[in-house]
Amino acid sequence: MKIKVSRKEHFNAAHRLFNPAWNDEKNFKVFGKCSNPNYHGHNYELIVTLTGEPNPETGYVYDMKVLSDLIKEHVINQFDHKNLNLDTEFFKTLNPTAENIAVVIWKILREKIDQSLDVKITLYETERNFVEYPAS
Amino acid sequence: MKIKVSRKEHFNAAHRLFNPAWNDEKNFKVFGKCSNPNYHGHNYELIVTLTGEPNPETGYVYDMKVLSDLIKEHVINQFDHKNLNLDTEFFKTLNPTAENIAVVIWKILREKIDQSLDVKITLYETERNFVEYPAS
Amino acid sequence: MKIKVSRKEHFNAAHRLFNPAWNDEKNFKVFGKCSNPNYHGHNYELIVTLTGEPNPETGYVYDMKVLSDLIKEHVINQFDHKNLNLDTEFFKTLNPTAENIAVVIWKILREKIDQSLDVKITLYETERNFVEYPAS
Amino acid sequence: MKIKVSRKEHFNAAHRLFNPAWNDEKNFKVFGKCSNPNYHGHNYELIVTLTGEPNPETGYVYDMKVLSDLIKEHVINQFDHKNLNLDTEFFKTLNPTAENIAVVIWKILREKIDQSLDVKITLYETERNFVEYPAS
Amino acid sequence: MKIKVSRKEHFNAAHRLFNPAWNDEKNFKVFGKCSNPNYHGHNYELIVTLTGEPNPETGYVYDMKVLSDLIKEHVINQFDHKNLNLDTEFFKTLNPTAENIAVVIWKILREKIDQSLDVKITLYETERNFVEYPAS
Amino acid sequence: MKIKVSRKEHFNAAHRLFNPAWNDEKNFKVFGKCSNPNYHGHNYELIVTLTGEPNPETGYVYDMKVLSDLIKEHVINQFDHKNLNLDTEFFKTLNPTAENIAVVIWKILREKIDQSLDVKITLYETERNFVEYPAS
């Protein structure tokens, strides 16, 4: 009897899409205004979904307060009000597309959550653009 | 050619998280302010999703008006403006976590919907906490 | 050059509409299912709006972090995960309609905010029902 | 390492639910007010989801700007501010239910998107009624 | 001690912007695709706001259930799943812009609501276009 | 018979709160993480509201397509995917608080809109923080 439980959090960050293997001209051709060298930013909405069996004593798959605290400690504290390219280790060499940010967040949280639970990340970069990882 | 169709409804209810096998101290330790003995409450948003083949004559998988009426008759009328712990049979002994409420609603609706259709419940307890059953 | 600045917070509470001067029959006639003796509940969305001149040194009418902390300390801590009728002094004799809750919150915050600023409360009881005080 | 990426667009259209094999009485019995002969309309919200591997050079599964342009050129330009029954070839004989509109949009976009990517359509007819195709 | 209370309802309708004093060319020049002769449509979101003193016995400015029923009886029943130009008396000669629809709804409701209360209409034609009447 | 008409647009930008008359220590004390020297960012939601009499021939207070184009040409093109502090003239010396951004946008649009119409700006920096100018 598996159930999915989800918690939504948010962080506000600056970023720039940029492949250091390319020159500026190529970066602008591929990433357009998202490659503005002075950065731009977003209100990221993050949904973390865990799948598993509810605990028969609590009726919880996972305590949402504990999940919220875990996301805040390990994700929000690192990314909120930061420049993703300059202020985090993760995106010094990795391009901070929504896809890559979602995978990074998944890796951070996957190792903090018991292996009996599946972990999935949904990340809204804007109200109209969002990604999900893993896809299945 | 299977399609999913979904209908969103809502109900407003009071509840308290509580395991009668535990003393008050243990309940507060596990459920925190959600275990307030005088109850608190939520605007629950409920999405019912049916999966099946569309009827070639109507183009409908299911008539959304009929689904809305079914949800209102069998779920909303029992839960809306009620105290889930005190006013419903379901949660007199079962802890009304979002997980357990979703499973109860699934059981109520599963037997009212033709077996050719899959039934899935998504329940938002708040804008930031929600559950889905079944998970697959 | 007056500007309005607003901060949105939320709390989840149980309540019951009830006039103690009336018998149960009259209460049910007037308040319907909102008068359920075992309570029901809502996710209240609260917007606090301050109107004033921006400080020329900060560019702020009011620091939103300070406003958020003020709302949490004086409103959310008293109302969140509570039964408004039983767990607060305010609604032991006052009927907790959205109108009355908004006026109570306005009175709490009005005395914590400098008189050079106007204070206005918007309170959503549900996505479809909301009130504003004062009206002008 | 498959990831889902989604883009949300919208269009405003008139339609009427109608099976030409039936007389008016039967159409009204089945479709109710949705069969009003003078049409009614909706603000349709359309989400197009692609599933695939991110390109290691860009970090994109698909460029959202390119996807947005593709949806606008092939879907929005045909449906926006149109009468689906009268102004499009698709629904001259096919009943424009949300289910059928989603399948038509999927067919239009499926042939414009590389076969290495899965395509899924989510279509909101109203905030409370929506469909997804394919279901799996 | 005046308070504003608001109730949100919705209706789905087809319409066409059209000035019968102009030829088709002029109508298209002014109204563009909104003048499509076969109509298009919207999910209209309607907010009705009443301003007045709360009743000391109920704590209500107005019973939201009564306001909802009034809106449904006098507005939604006339406009929902209708073609505003063809199916209503109001817009046979009056152009159904959001501005004009709001004024018509205000006139309908103004005479059903006690004169001690102010009435204001907010009408969303889309999530991004909306009007308010009266302005003050 | 004055009516308000509103158009919602958005832009994504990086910024940093900073008073150049203060040292870093003072800036951090006042603006906290909003003063991060490498910037952070937001999805700004901008609502432009015009108040005036509807044109009797069109039924429009203002053509929303024209207003949308005006906002895009004079505001979005300057601010979207930009660093407000570095990439715009406006905020090279003015602190880009939501209050100041709203006043700047008001000044830009006020001179593009006929004086018979009032202009008001509502700017959401996040879903929970927003400002309105002018206040009256």
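Couple of notes before you dig in:
As written, the chains take the letters A, B, C, D, E and F, and residue 1 is the first residue of each chain.
Simple rule for what comes next: a contact is a pair of C-beta atoms (placed from the backbone, for glycine too) under 8 Å apart; a residue touches a chain by one contact, two chains touch by 3 or more.
In this text, all values refer to a predicted model and were calculated from it rather than measured experimentally.
Among the remaining chains, those touching chain B as well as chain F are A, C. Each of A-D and A-F has its own count of C-beta contacts, and the greater count is at A-F.
Residue numbering at the chain D/chain E interface overlaps substantially, since over half of the positions present are found in both copies.
Mean C-alpha positions place chain A and chain B at a centre distance of 28 Å. Between chain D and chain F the centroid-to-centroid distance comes to 34 Å (mean Cα coordinates, whole Å).
Contact of a single residue of chain A with at least two other chains is seen at positions 127. Contacting chain pairs in the structure are A-B, A-D, A-F, B-C, B-D, C-E, C-F, D-E, E-F. Those residues of chain E that touch chain F in the complex are listed here as 17, 19, 21, 30-32, 94-100, 102-103, 127-136. Listing the residues of chain D that touch chain E in their complex gives 10, 12-15, 33-34, 36, 38-43, 80-83, 86-87, 126-127. Contact residues on chain A toward chain B in their complex (touch as defined above): 1-9, 51, 54, 57-61, 64-65, 68.
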